[in-house]
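As structure tokens, here come the structures.
Common to both upcoming complexes is subunit A, partnered first by subunit B, then by subunit C.
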Partner chain A sequence: MEPILEIQHLSISFHQYEKGFVQRELPVIRDLSLTLEPGEVTGVLGVSGSGKSLLAHALLDLLPYNSRREGTILFQGEPLTSQRIRKLRGKEIVLVPQGVTYLDPLMKVGPQLRKGRRDRGAREKVRSALARYGLKEAAADLYPFQLSGGMARRVLMASAVMDSPRLVIADEPTPGLDAKAASRLLGHFRELAAEGAAVLFITHDLELALAVAHRVAVFYAGETVEIARASDFPEGRLRHPFTQALWDALPQGAFRAIPGAQPYSGEVKEGCPFLARCPHPGNGCGQGELSLVPWNEGMVRCLYPHGEVMA
Partner chain B sequence: MKQALFFAGKKAFRALLLLLGVSVASFLLLCASPLDPLRTNVGQAALGSMSQEQVAQLEAYWGADQPPVERYLGWLAGAVRGDLGTSLLYRQPVLTVIGQRLGSSLWLLLTAWVLSGVLGLALGITAGAFRGRWPDKLIRGWCLVISSTPAFWLALLFLLLFSVWLGWLPIGLSVPIGVEEEAVTLADRLQHALLPALTLSVTGVSNIALHTREKLVDVLGSDYILLARARGEREGAIVLRHGLRNVALPALTLQFGSVGEIIGGSVLVEQVFSYPGLGQAAVTAGLGSDLPLLLGVTLVTSGLVFGGNLLADLLYGVIDPRMKRGEGRP
Partner chain C sequence: MTLEGKDITFAYGKGAPVLDRVNISLSSGERVGLWAPSGRGKTTLCRLLAGYERPRKGQVLLEGRPLFPHEGPCPVQMVWQHPETVLDPLLPLGRSLEETGPADPGLLEQLHIRKEWLRRFPGELSGGELQRFCLARALQPATRFLLCDEITAMLDLVTQAQIWDFLLREAERRSLGLLVVSHSQPLLDRVCTRKISLKE
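On to the complex of A and B.
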């Protein structure tokens, strides 16, 4: 089947003025490639500040004006130009944003979801979208500040599925929910995928990603270091030492954390940014640019993917 | 209910304190004025030809023989009873003079206030929506030029252009010359108020427009606008639906807060257009050492400014849903 979204060598950077007129290019995401298939939930895993929200906004062509984007994005096989995305936003490509600050504080929920339409059909659509996530019709008559954290999450969710989207981009949709509500929400994403959509599920929580996603892309210092199937984690088929370390830090893994901290994007000028913390560095790891290569039915950015060194 | 009473009490106390402070300040300023009331109002020559008793009488009339503290307390005692005294220059009760002056100034102030609010908001929204492009640059440039232009100079320019060269509008005063009070129409009054009002509002516009633009730019960079775009709403609709709504509250505060600036500006503008309003009365009273009138005008104008700000506060509570339902101020 044709993939819904293909991201090829996407880079996002900011130009900033530091001390007067000296301009500086500040990379955030470097060389990201990812393919989203219909019916699949793809997790994107990264620490806070690693550019996850920027990735979501970049796909919708809604980056801040002081940023620059490079690379290619194909939607259903065709380049996603600015003109094209404008027609697709809110219909075929939708965003479930990170927090309640994404709701207009001075507008009631109903009118916000109706996007300015007043007809019966629009009202009915809002009612059923809210009902889908267990919200009563009365919720449409509330201002955002009157919503509880969980209700706000569900309103944001409802605002995304007013039509039947092909691509759902969810930016950390679960904080503020209790375990039960969170797992119900994860179920909803699975449901959307089952209806034929591709879901990009952004999170900083590996357990959460593994609970909902079929595949997981792992960010490290602005780069994707590995794209693995969710089943690769418990079955010991991980390719990159950082992904392995993430898994090892979980209770299901060895419950063991690695020392050191993640560098900022662009901080390591040459070679592998994980080198300083790598348990099995090898020749050439400190030089050149590493690229993301297919490995064992996944992708990895490492000269000595797991297995090579072991052998 | 109890909260409302407390609020009203607090506001009333503040208002009293403000009026007291303002009256003391203007009294002190007048005391420090180098102008001698007798010499300015009676004239050096006339004074010279007067007997000692006559001069003493005049000094008593202008209050020059009393110690300042006593004089102020005397005025205050009357003011508390609602008696603002008699204007020394006009020989009429201060309240009567102010009533007449306010009557004609009100047209001017109101027109200028509404005009600057509406124009300022419209220009600010346009500039913000077109941020960085030519409408924005044009409006911002114009606002900067206007706000660095003195109001009286602008007034003279308008007079030259519209009244002298083009002859479209009258040169001064608030009503036509030689027409009976009853025969003056509303159109007459508006025609006379138009040019001063225009001058006044033009200087007010730039402030409101620049602030509105800044606020709209902030709003358009916010998360909820990003989601509105992500939902597929059109840019124009976003500005009108979300932008205007979120800019309205600060704009309202600004608009009611600008009452003070409008009144302040009217003092100069009325002078240039010989418009017999409150501002002109203030200048006359100040130069002529007419203490009761000056204090009266000061009280009334500070009351107006305070009322404007109070109204803004109250409207905020009525309009902002977060305030209406007993939430804290955002």
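On to the complex of A and C.
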């Protein structure tokens, strides 16, 4: 089957003024490659500041004016240009954002979901989208401030499925939900995938990512350091030392901390950004650019994955 | 040493009571996990024990004697969920630290607080870095009990493990009593010596 989205060597940098007229390029995402297949939920996991939300913004062409994008993004086999994104977003490419602040506070739910359309078909679609997430027709007549947190979340889901999307991008969609509500929401994403969409699920929560995603791409300092199957985590088949460190830091696991912190964008000029914290660094880790390579049915950006020398 | 909340009843304004005759006790060296669904008054209970609010009925007792009103550095300190909201945005972090007296250099080192951060402002550091300052500020020499209200809820796993690794060692060394509020059962199971839950 043809992949829905192919991201090839995507890099994003920001153009900034430092002091006076001194300018610099600040790389925030480096050499990102990721392929999304229909029917699959792909988790994007990273700590804050690792660049994972920027990926969502790049896919929706919402990057700020001082940013530069390099690399290729293909949507259903064709390049995803700014022009094309504008036609597709909100219909075939949709975003499920963090919370209620993404709704227009001065507009009732119904008109907001219809996005300006007034015909009977659109009204019918609103009704069925709301019903799908257990909201009554009366919900269409409410303003966002009248919704509870869980209801607002369901309205955002309903808004995303108005036009049977092919690519669903969810950016931290669960904060503030209790475990039961969160697992119901995760079920909705699995359901959309089962209907043939590709789902990109962005989160900093490892347990959540493992609960919903088939595959997980791990971000560190703007780079994808590993792409693993969700089952690789509990089965001890992780490839990159940072992914292993995340797994080992779970309170129900080893609860072990590695020292140090993620470097700021632009701080690491060369070599592996994880080098300063790596438990088993080796020759060559501090030089050149490391690339993401296939390893043990996954991908890894490390010269010594799982502590071994790469063949 | 024992910190006790006895028959504590509290309501905000004219609202319904958030807490109704709640009893809680915490001894030195103990780490008690406090669990309850949202809106059941976990944070309010911490605020009462730390003296930010006064109970309508009931008392906060230290060694059997009423703790408040209290003069001087309070032996009960609280660390909050959102560090960016409890540090003055217009003060360099070093100045915020000194609110509870001169900072202990050894403590700063253990918390991996870099010297140059002391001159920075809260907006320039990440949540995990700010939370380290809040811990350093709360762990003044007079502190005997630390109330931790979801202190790692917004931090990533590795930073969470770093902070608890430090805090558990420090609590052990100084025989502090810890009250740990969290939604995460695995975290409470891991760090606490016993758990309690707030019922309706």
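Quick notes on this one:
Here is the rule we go by: the second predicted complex is superposed on the first by the 304 of 311 C-alpha atoms of A that agree within 3 Å, B and C clash if a C-alpha of one lies under 4 Å from a C-alpha of the other, contacts with A are read in each partner's own complex, and residues count from 1 in each chain.
In this text, contacts are C-beta pairs under 8 Å (C-beta built on N, C-alpha and C of every residue); 3 or more make two chains touch, one makes a residue touch a chain.
This one's a predicted model, so the numbers in the text were calculated from it and none came from an experiment.
With both structures placed on the common chain, the touch criterion links A:Ala257 to subunit C but leaves subunit B unconnected. In the overlay built on the shared chain, the residue A:Leu206 is in contact with subunit C alone; subunit B does not reach it. After overlaying the two complexes on the shared chain, residue contacts for A:Leu246 are found with subunit C alone; subunit B is out of touch. In the superposition on chain A, A:Tyr143 makes contact with subunit B only, not with subunit C. Within the superposed three-chain model, A:Ala131 lies out of touch with both subunit B and subunit C [touch as defined at top]. In the superposition on chain A, contact of A:Ser159 is made with subunit B only, not with subunit C. When both complexes are overlaid on chain A, the residue A:Ala194 reaches neither subunit B nor subunit C. More residues of subunit A lie in contact with B than with the other chain of the pair subunit B and subunit C. On the side of subunit A, the complex with subunit C involves touching residues 47-49, 178, 204, 206, 245-246, 249-252, 255-259, 261.
Residue ranges of subunit B in contact with subunit A, taken from their complex: 221-224, 226-233, 237, 241-242, 245-246, 249, 320-322, 325, 327, 330.
Those residues of subunit C that touch subunit A in the complex are listed here as 37-38, 112, 126-129, 156-162, 164-165, 183-184, 186-187, 189-191. On the side of subunit A, the complex with subunit B involves touching residues 57, 60, 62, 64, 86, 88-91, 94-95, 97, 99, 101-107, 115-116, 143, 145-146, 159.
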